[in-house]
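A single structure is presented below for examination.
Chain lettering (A, B, C, D and E) follows the sequence in which the chains are written, and residue indices restart at 1 in each chain.
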Amino acid sequence: MDEIRIISKPLADSTKTVLIGFPGSGLVGSIALQYLVDNLEFPQIGSVTSKYFPPLAMMTKGVINVPVRFYEKNDIAVVVGDIPIHPMICYEVACGLLDWFAQFKPQEVLTIAGIVTNEPEKRVFGVATNADALQRIQNDTMILPIGSISGIAGSILTECKIRDIPGLGLLGETVNNPDPRSSAATIQVLNKMYDLKLDVGPLMEQAEEIEAAMHRIAEEVQTTEAGQKKEQLPMYG
Amino acid sequence: MDEIRIISKPLADSTKTVLIGFPGSGLVGSIALQYLVDNLEFPQIGSVTSKYFPPLAMMTKGVINVPVRFYEKNDIAVVVGDIPIHPMICYEVACGLLDWFAQFKPQEVLTIAGIVTNEPEKRVFGVATNADALQRIQNDTMILPIGSISGIAGSILTECKIRDIPGLGLLGETVNNPDPRSSAATIQVLNKMYDLKLDVGPLMEQAEEIEAAMHRIAEEVQTTEAGQKKEQLPMYG
Amino acid sequence: MDEIRIISKPLADSTKTVLIGFPGSGLVGSIALQYLVDNLEFPQIGSVTSKYFPPLAMMTKGVINVPVRFYEKNDIAVVVGDIPIHPMICYEVACGLLDWFAQFKPQEVLTIAGIVTNEPEKRVFGVATNADALQRIQNDTMILPIGSISGIAGSILTECKIRDIPGLGLLGETVNNPDPRSSAATIQVLNKMYDLKLDVGPLMEQAEEIEAAMHRIAEEVQTTEAGQKKEQLPMYG
Amino acid sequence: MDEIRIISKPLADSTKTVLIGFPGSGLVGSIALQYLVDNLEFPQIGSVTSKYFPPLAMMTKGVINVPVRFYEKNDIAVVVGDIPIHPMICYEVACGLLDWFAQFKPQEVLTIAGIVTNEPEKRVFGVATNADALQRIQNDTMILPIGSISGIAGSILTECKIRDIPGLGLLGETVNNPDPRSSAATIQVLNKMYDLKLDVGPLMEQAEEIEAAMHRIAEEVQTTEAGQKKEQLPMYG
Amino acid sequence: MDEIRIISKPLADSTKTVLIGFPGSGLVGSIALQYLVDNLEFPQIGSVTSKYFPPLAMMTKGVINVPVRFYEKNDIAVVVGDIPIHPMICYEVACGLLDWFAQFKPQEVLTIAGIVTNEPEKRVFGVATNADALQRIQNDTMILPIGSISGIAGSILTECKIRDIPGLGLLGETVNNPDPRSSAATIQVLNKMYDLKLDVGPLMEQAEEIEAAMHRIAEEVQTTEAGQKKEQLPMYG
């Protein structure tokens, strides 16, 4: 309780699904769910803080954002994190979140993360805490036969398994850069599962911009060593 | 409670504003608020200590100063710190301070910090925990569109947001040296917000002295390698 | 209690033996007991988690496995771990497990581990917490005259000794690679002790495959420096 | 309470002054106060230990000494430490000592430390927790205008300030060697303040011996590189 | 209590002496007291474990030994440790042991350790917690005039001093190898103090074997660089 502080309105009685996305490989989960809550206009209902989080205030247009936030709309609750969760506290964060959500008896908890394969495809791999849950995503994802999931996504799935809460994992194939294209692929799975009708067009455009920028940088690096260019962002130290 | 010990008189009923400044980039916040309490003759009302603070006694004219102090006058409470707060304890310090001040139901908490831009200007950037609070500083500061604030200022703003206490941040544009000119710029914003009529002339003179000294040092370093000169200050080890 | 969380059905009254295998040298203990529960179809009855475990979800055919699991059948309970236990928490894990099992008054606790000898044989060494227990394995193992057992197996045996629970250790002679052949040797001892009739044929085949692969790799390394070949397993980072 | 264990007789009702000396620069405080209690024959009344102290037993003529000791005579209590206090525990030690002494309502707490100036003089600098206390030492010390005092002396003075116990600091000018001459200078201040009539002659002789030895070593080092000579002291490892 | 777990029969009413030996320089204390309990046939009465001890099970002829053990016979209790106590936990171990033994009001606690002098002699140095106790060993040891004792022996003597339990230290002169000859010298002192009539002949033979082996190794190293030879002891990793 002391380790994770959750300040939130209770979930609506009808809410039966919890979607969770934290930054990880490709930032797949946090990009996907921030895009979802922004475009489907999910209102924020709560905040999470912790003495273990780095001392950091994020801001958007001058207004402070708490780094981990709860949103809710149309029977779906969403957890979006702006900060990566350190391995030392994944257990505490996963337990803290599931302690809180468990009181509303969710029918399923779905976490989105990235999986680095070094291949150009953008497949979505699926895992689940039991065979029934796995069937939910069998047609829309590529079931991951064997392996392990580390980090906060791993902790959430393990906790779901232990608590007998149906848990699902969508792992978007990605590289080690912010990857909206992979996020879009996971949203397409969410669209089918929850009938969200969320247009991923703008996200794909964003992906193309990032990819074009990456391409330009790669070319510049090749033609000249003076090609590095950093934007001057103000940093408070 | 155990982590942060606050020994203070209670705030006056009329006090509705809390200003907070700790050393950070350019020491902007601590220089500004120490100058304010000294020149507007705010009496000290309390002290803060912690097992996490470094073992250190500051002194002025032979009299010991506790490194973090509370002052109060004319409906304004001020927190001035002489020691930087380590990232590991920013959460505890922010929570300890806000736990204590929250009992007096402040109408706003304003924290001053520095922001390094490597530009010669001395703009004051503004952030706030919600749109209403942001309006308070919209005309007098440059709203920071996007980014993050780390350290104790970030923790205080995040805690204000979570506790629904209107929180404001003034970020003085600065370099990595003590920067009274940036502090003076933030005081000008305070002058407008709280009608303080605090003359920043002496602070500007101090800034000119520091800048002239920096200039001399830079020139000496250029003309001769033997230009370094350290004053012999007694140090207790 | 807080350090190790055990979520499990209680043991059957008739269950009097607890077998424990965690990954260590050669993964001897975990391979042996996973093979046992899979092939003798022991149902899983519980899970163990801990804030000290790494944040990790294992999966088999897309279904999440908790990294430490309890199984039970035919008066035998089995603990299988997929993750090595860090020396810093061996005491807590050993105490947590024995606190839980002690309530069912087991007649003996047997832990399987590997022992590196750099010899080609696959002997099984035996140790026990007292002379009576040692007699149980005197004919089927080579009694280890002197030495020390470190890690979770050492902690479990020490805790058994202290609590006066008869404790046995089977140490399979091994090398520093996954070693199903050594695991098979320890299963042969279990077959005699508990009349399990478990066929180790498939395990021996697996051992031959691993050994053949090792042999190939060694040869390739000798003939060409470009002989390294890594399979591309997707890794979530 | 748990962090610092004090085993001591209570102070006499008449005792109103507490002198404190721990090893620091020049060992000024511990040499001065050990000399004082030895030569004025203060009986030991108590001991201090802590789980944070290094595991160490000091001895004199074969008899074990606890590393931190309380003495008392003629309305003066003395704390002498043989071990330097690590920065990480200065807060705990200062609070533990002041918690214990506060119950006897001391009229003043005076701590002695060294201050390195790299000058040949042996001035005694003075600081205090308020203006009244500062007056007590204004004539006999050189008031330190500005600066900071780190370590256990700093923590004790800060705690005195916070608890409103009049606190005094005598900082003997010193170098980075055991410095009885600086200790003698601080004793001269104590002689005036408390009318102790303590002869510092033997301490000055000791200082001359140390200084002569230092001088010899310096000369030997200059004339020959083989000049190093270490006495073979038995060390228990 | 939580830090050190002692599982033991209570001491007999008549037992008034506690001997303590942990591994340190030359393993002097643990060799001496293990030899004593083995040859005088002291039965084991208890065990000590701790979450701070390394995860380790020792064994003798296949039977597990807890690394720290209590023995008792003829009014003498003995504590023998097989593992060195880390400086970070000496305080906890010393307090835990003395908390437990104090309830039986021992008349004296004697700890044996090694002291490295780099001299060929095997003198036994003596220290005590007060002048009366020192007299007990004045004739049979060489009183150590000045110095410090670190490690668990130092912590035990400091705790004895603080608790006013007569404490004695026998420090066997030793080198940095297992040194049964030094252990034998300390046993000779015990023989005189407690009239044990323990023959140290076999220990001296063992010492000669070790010394002969050391001598051989030294010669081999001199004549050939290929002289290193390590026995292949099975190690569990």
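Assume contacts are C-beta pairs under 8 Å (C-beta built on N, C-alpha and C of every residue); 3 or more make two chains touch, one makes a residue touch a chain.
Because the structure is predicted, anything quoted here is derived from the model rather than measured.
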item: Chain labels contacting chain A and also chain E; value: C
item: Copy pair chain A, chain B: interface residue numbering same or different (half cut); value: different
item: Rotation, 0 to 180 degrees and nearest 5, that superposes chain C on copy chain E via CA atoms; value: 70
item: Chain B and chain C: spacing of chain centres that average the CA atoms, whole Å; value: 58
item: Chain centre separation (chain A, chain C; CA means) in Å; value: 36
item: Residue numbers of chain D (touch at least two other chains); value: none
item: Cyclic chain order - from chain D, heading first toward chain E; value: D, E, C, A, B
item: Residues on chain E engaged by chain C in the complex (per definition of touch); value: 5, 7, 47, 49-51, 53-67, 232-237
item: In the complex, chain E residues that touch chain D; value: 24-25, 87, 90-92, 94-95, 113-119, 125-131, 134, 143-155, 157-163, 167, 169, 171, 173, 176
